[in-house]
Amino acid sequence: MALDLDALYTDLHRHPELSFQETRTAAVIAGKLAELGLTAEEGVGRTGVVTTVENGDGPVVWLRADMDGLPVPEQTGLPYASTARGIDPAGNDVPVMHACGHDMHVTALLGALERLIATRGDWSGTVVAVFQPAEEYGAGSQAMIADRVLGRFPKPDIVLGQHVTPLPAGVIGVRPGTQMAASDGLTVVMHGRGGHGSRPHSTIDPVVMAAATVMRLQTVVSREVDPREVAVVTVGSIHAGLKNNIIPAEAKLELSLRYPDDAARERVMSKVERIVRAEAAASGAETEPTITVDHSLPPTINDHTATARVTAAFERAFGDGSVIDPGMFTGSEDVSWFAREAGVPLVFWFWGGVDPQTFADAVAGGTVERDIPTNHSPFFAPVMHPTIERGVENLVVAAREFLA
Amino acid sequence: MALDLDALYTDLHRHPELSFQETRTAAVIAGKLAELGLTAEEGVGRTGVVTTVENGDGPVVWLRADMDGLPVPEQTGLPYASTARGIDPAGNDVPVMHACGHDMHVTALLGALERLIATRGDWSGTVVAVFQPAEEYGAGSQAMIADRVLGRFPKPDIVLGQHVTPLPAGVIGVRPGTQMAASDGLTVVMHGRGGHGSRPHSTIDPVVMAAATVMRLQTVVSREVDPREVAVVTVGSIHAGLKNNIIPAEAKLELSLRYPDDAARERVMSKVERIVRAEAAASGAETEPTITVDHSLPPTINDHTATARVTAAFERAFGDGSVIDPGMFTGSEDVSWFAREAGVPLVFWFWGGVDPQTFADAVAGGTVERDIPTNHSPFFAPVMHPTIERGVENLVVAAREFLA
Amino acid sequence: MALDLDALYTDLHRHPELSFQETRTAAVIAGKLAELGLTAEEGVGRTGVVTTVENGDGPVVWLRADMDGLPVPEQTGLPYASTARGIDPAGNDVPVMHACGHDMHVTALLGALERLIATRGDWSGTVVAVFQPAEEYGAGSQAMIADRVLGRFPKPDIVLGQHVTPLPAGVIGVRPGTQMAASDGLTVVMHGRGGHGSRPHSTIDPVVMAAATVMRLQTVVSREVDPREVAVVTVGSIHAGLKNNIIPAEAKLELSLRYPDDAARERVMSKVERIVRAEAAASGAETEPTITVDHSLPPTINDHTATARVTAAFERAFGDGSVIDPGMFTGSEDVSWFAREAGVPLVFWFWGGVDPQTFADAVAGGTVERDIPTNHSPFFAPVMHPTIERGVENLVVAAREFLA
Amino acid sequence: MALDLDALYTDLHRHPELSFQETRTAAVIAGKLAELGLTAEEGVGRTGVVTTVENGDGPVVWLRADMDGLPVPEQTGLPYASTARGIDPAGNDVPVMHACGHDMHVTALLGALERLIATRGDWSGTVVAVFQPAEEYGAGSQAMIADRVLGRFPKPDIVLGQHVTPLPAGVIGVRPGTQMAASDGLTVVMHGRGGHGSRPHSTIDPVVMAAATVMRLQTVVSREVDPREVAVVTVGSIHAGLKNNIIPAEAKLELSLRYPDDAARERVMSKVERIVRAEAAASGAETEPTITVDHSLPPTINDHTATARVTAAFERAFGDGSVIDPGMFTGSEDVSWFAREAGVPLVFWFWGGVDPQTFADAVAGGTVERDIPTNHSPFFAPVMHPTIERGVENLVVAAREFLA
């Protein structure tokens, strides 16, 4: 009996889970794998799921899909929109949404497994399906590696992965070399001295300290990075204080940094630290700020030869013009740890999830930025068709390129 | 049987409650009033308590004490330090502390009632004791007025109140005219457009918008207010975002503004609004920021004649030099609504709660700002003696000045 | 033959001179003193002029008037408006204007000398008239002291001075105690590294460094000074760069600081220095900024007893209500060096130069700030009458109070 | 008799002239052209010089060199360092330096003409040498076009130009497509209201307004431009005020903007304008800021076919590896107006002027940014050899590629 991928996708979309909390998602995956006659290994890297399809001699191809949602309040208005909530690591009760399309990734990988099994007479080798948790924390692939995913399952000859994006449905974006940026997530705590809101002179105001720091951090990209180099310094969250009339004792900033390589990482990190410390000093802070690296993602680098093979296979399958070079993305991924750790090539591509007519209208109207919601937006909503079908086919075509 | 004021004080200190949640405090007060043979009217203005001591003909004197604690994590290390928690209006579970000494105010008022009852042969008239909730929200006195406190109890001829402060124990600070500033609490929500932290150009970053606003708001006091005029613009809280790699859709600022009079209020408010709107415009915000006045406190103005009488009575009771002019305080109070609404004079004074030797050492060492914790600090801790005794005596002396 | 004070005033107004360049002004003064039969000692403190009127036994009263103009482009539209230019200390050719009324001060002092001579039968003692240069640099009185003005002329028993201000003509403002703020003038040079405007990453941008410093300096007054204390931190000039496409190597800021006393001075100065150094560090500056104190003015403190005498004399002469307490001024003066150095009392007052009807209309319309030009404005223009007459009378009345 | 190019170069270096003031430079060029037997047309586009070498039938090749120096105080310590001064358009007396190597460009073009004349038997066609003024203002080529340079001299079939840069001597950098950014130079005047430095509340402080604007402008690149797009917003100069204690009435900013194309130009310009206007509004400015576009440079776009020919010619002449793709430069040029106006291809390349060992050491030490002075630096100093020889040869090789 065939999987109902539409029902699977809407079910996953309705029930997103935060990173390392994907227990229901894992159970759904395990259930579908059982329907396919496959054995699910659950709990790999806390909440990950792995299965193996052995089909004679030949290369081992890893197909990876990530599973987690985000603390974003869904505003798509879809009939299957999420109203789920979760508890984030700070203990806050937050809305949760599949705002990055990982539900689509899981659906496509399950569909691809079904197709590969159905056509097992046409290929030989081994497919390992890796359902990875906590990509959004940049921590899931390392958790699986720490849990010995490379030792417990057949070691890959190649790692393949894909991500749904706001390209027109039908279009694949992939390039050799750096496909996605390296990234670090930092937490900065700036220490002032609290007191009554009416007596600022008896305090060291951490709100002003943090605001000045945010403004100064803009100069890293605007003044200190070569304009031709890709770098991003985002302060994604700022929190201080409980009440208008109490000056709090500290402020917390969470930063996301992006760069193309390790040299740039080192430069940007040192500038960020220099600014944070100097702005604390400008406020007369009596305690040094604390800077913690919460996660650190390598650049996602596509192997040149393997990418050329995948690109050619896509063009044969989907026609000329179906593959574009989308440029380097400033977003980051932790998929490459699998390939780095195993010492094998990686190919990671994007596929479009926007209705082509909608996309064309937005391009014509110059409203792409405004009208096409991007990943992590509360309005992010890939069209189900043909996005699901293409997600399935992409994986099958790419995997078959390497399977004997 | 005499009240054990020390036990009462430490009990209240251990069990602070947030504004409009002072139910345990009210029950404790009602219990003590019953011990004194007085009838407590509970639930006045939600959680307030009022009692009346009638003692023949004569003026009606209102004695007011506020009851609520603050969302501050106590760090005094006292044996009776609070470990209480509460749910703030935003639904957050927060630590609670009597960081503003309202426990001392309640204790002193109960002690004063006991003393006045014990000496009722020496005076005639009526004393109304008003235990007011939610002073910290600037909302409690108005809630009691809305609950007809002025109609349900004998209308005052004078309203008296006091506040413990970081003056040396034994010293009273009071001045005719403006004793405490007017104050407004504002909530500002700035609207951007959310998106992925790696794609700032597809967003309107509310963190930067808010940071720029905080920096610009500094110029209201530094550039736009006459240097000789007292004004404060504090951003007591700033909150935006949940995660380093998601640019949120909005940022929230909570502001506390202070000024000596209504003319200054109007000027400062218009400047704050001008800056908030312009900074949203500088970011290209597509939605105007929303600015809400959460509470609005009048200046606390001491009646000249009544203050002269109270000052003279204090000096007779406690000696020359026991009363100082502490200048205008930039803090605010809602006690004056009672007097304003009733159209009668108000006298509101400060009394010291710091060990005199500690205070003298700090003055000598130039470390007052550093070493003497102020109200709302997590280290705020009046010494119990003679602060409790003096709080009791202050009320008795001042009340007796007006009672026949 | 009587001095034509109107002609004198308009002549001085037409020919303002920058500080320490008041050679024409000195010559005009010396000429008028000769007409009065007095001997002018010129060149005292570079361009100052001193004369002595000895008239028998009795106290020595110093009357002081300052002489210099400002680099302000006059926009009054007056028939006697200045079109003068001068070379400032940096070598720039700048417009010059008597934008602070020192022309009025000189005129009034010459008129007062004439009157005192004409009435010499009515008093005895010695009057020393001190025409001081370079008040605007805060350097003139010290230059005269360095040039031994206290040794070369009769030592004062009292020092008197006055300043024309935007009060209504007819009104005198004077208070015992601190009448004007202490002040420091600082030059801050921030060192970056220059380069091409298109390659910011190869530079250390001093324009951004200076701008961040200006914004941070706002927090000294807004956050670090007691709101009840008077303090001002003004960045009066900022200069960096020659061309849009060259990032310069340094930026220069000129600061004017104000405070009521030496304790506040020390605090504010240390905060300013802390911020300047930290902002240089935030930019990664390789060279510490240089901070130079260009001039340092003490607070102008009126002697309590002498001020009471002068005030009483004014009220006798001009009627009740003619003298107001104008509050402390945040402007500064160097007149007090004479009294400090001599160890004698000082009285320094303001007199009004605005047409009373104009002033009343502005008060009624709430447009005082907008419509009444203040000292140093390009529109500053005291009305000639009765400002000149009152300036003369003020000096005569006050001097006579102390002369036998 | 051969030109002494070393003497010519050091003479030009010693005597730099500001844009449109290159009269001595023009005279030197005309003198050398006369030595070569050529006729100099002077005064083309105010101070430009043009000459024509006709040599039979064949294509017309334009060789262009720019002539002007910069207001930079030379700090190279070279024996032939400039001590020249000039009067800039604002009337300031400023130091002048050949800080962008235009002296090298002029020297190389004269040397190339000598060589082409000496080898005229080997080619046929026409060479037009264009010595252009005022490249630094982005105004010289348009001035020559306005002066009908295209009508008065043989119309080009191709335009060639070159620029000395901090690449190792011996290396040529050139790429097809956008070689240098488009650029605009803006002047922004922000209007406040002046007054005394001690009374900020009676003013609208343009220094703070300008500083806030500089800080906010950083967000254009840091937040609003796609991180993968090249854009620069530099505030190259900021000027306000004359004195620490006068708050001035206005502040002037000069901006240099860079982008790869016209679409980006429009976007960045609109964001800059939005921010400038909003920051004026945040200050409560009563007058809108004025924004003037002082000059506007197109992107320098190398023709694909012609660049391929030149690159191949360079590699034949100088060996494999002698030509690199230097990436797009964020600097800008006005050379392309000649080609655009004529509708013909352009090839514009960079050649290295840094001693190769010095460069290699800096690369090894990671100190390129610190140790290798870039164009517009006061330390910019190409080595004379082989930079002069290579500049000559580059032009000859490239010109010969197109000459018959």
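Note that the chains are named A, B, C and D in the order they appear, and that numbering of residues resets to 1 at the start of each chain.
The rule is short, and it goes like this: a residue touches a chain if its C-beta (ideal position, glycine included) is under 8 Å from a C-beta of that chain, and two chains touch if they have at least 3 such contacts.
Which protein is which chain? UniProt says A, B, C, D = Amidohydrolase.
No experiment lies behind these values; they were computed from the predicted model shown.
S.K.: Among the other chains, which touch chain A and chain D together?
M.R.: For chain A paired with chain D, the chains in contact with each are B, C, in label order.
S.K.: Counting C-beta pairs in contact, which comes out ahead: B-C or C-D?
M.R.: Of C-D and B-C, more C-beta pairs in contact link C-D.
S.K.: Can you give the whole-Å distance between the Cα centres of chain A and chain C?
M.R.: Roughly 65 Å, centre to centre.
S.K.: Quick one: chain C and chain D, Cα centre-to-centre, how many Å?
M.R.: Between these chains, centre-to-centre, one finds 48 Å.
S.K.: What is the distance in Å between the mean C-alpha positions of chain B and chain C?
M.R.: Roughly 43 Å separates the two chain centres.
S.K.: Which residues of chain A are in contact with two or more other chains?
M.R.: Only 198-201, 205, 208, 212, 215, 218-219, 222-223, 227, 232, 258, 330 qualify.
S.K.: Would you mind writing out the residues of chain D in touch with chain B in their complex?
M.R.: Contact set of chain D toward chain B: 198-201, 203, 205, 208, 212, 215-216, 219, 222-227, 271, 274-275, 277-279, 281-284.
S.K.: Residues of chain D touching chain A in their complex?
M.R.: Going by the criterion above, the answer is residues 215, 217-223, 227-228, 230-233, 258, 327-328, 330.
S.K.: Any idea which chain A residues touch chain B in the complex?
M.R.: Listed in rising order, the residues of chain A that touch chain B are 70-72, 88, 92, 94, 136, 181, 183, 185-187, 194-202, 205, 207-208, 210-215, 218, 232, 234-249, 251, 254-256, 258, 294, 329-332, 369, 374-378.
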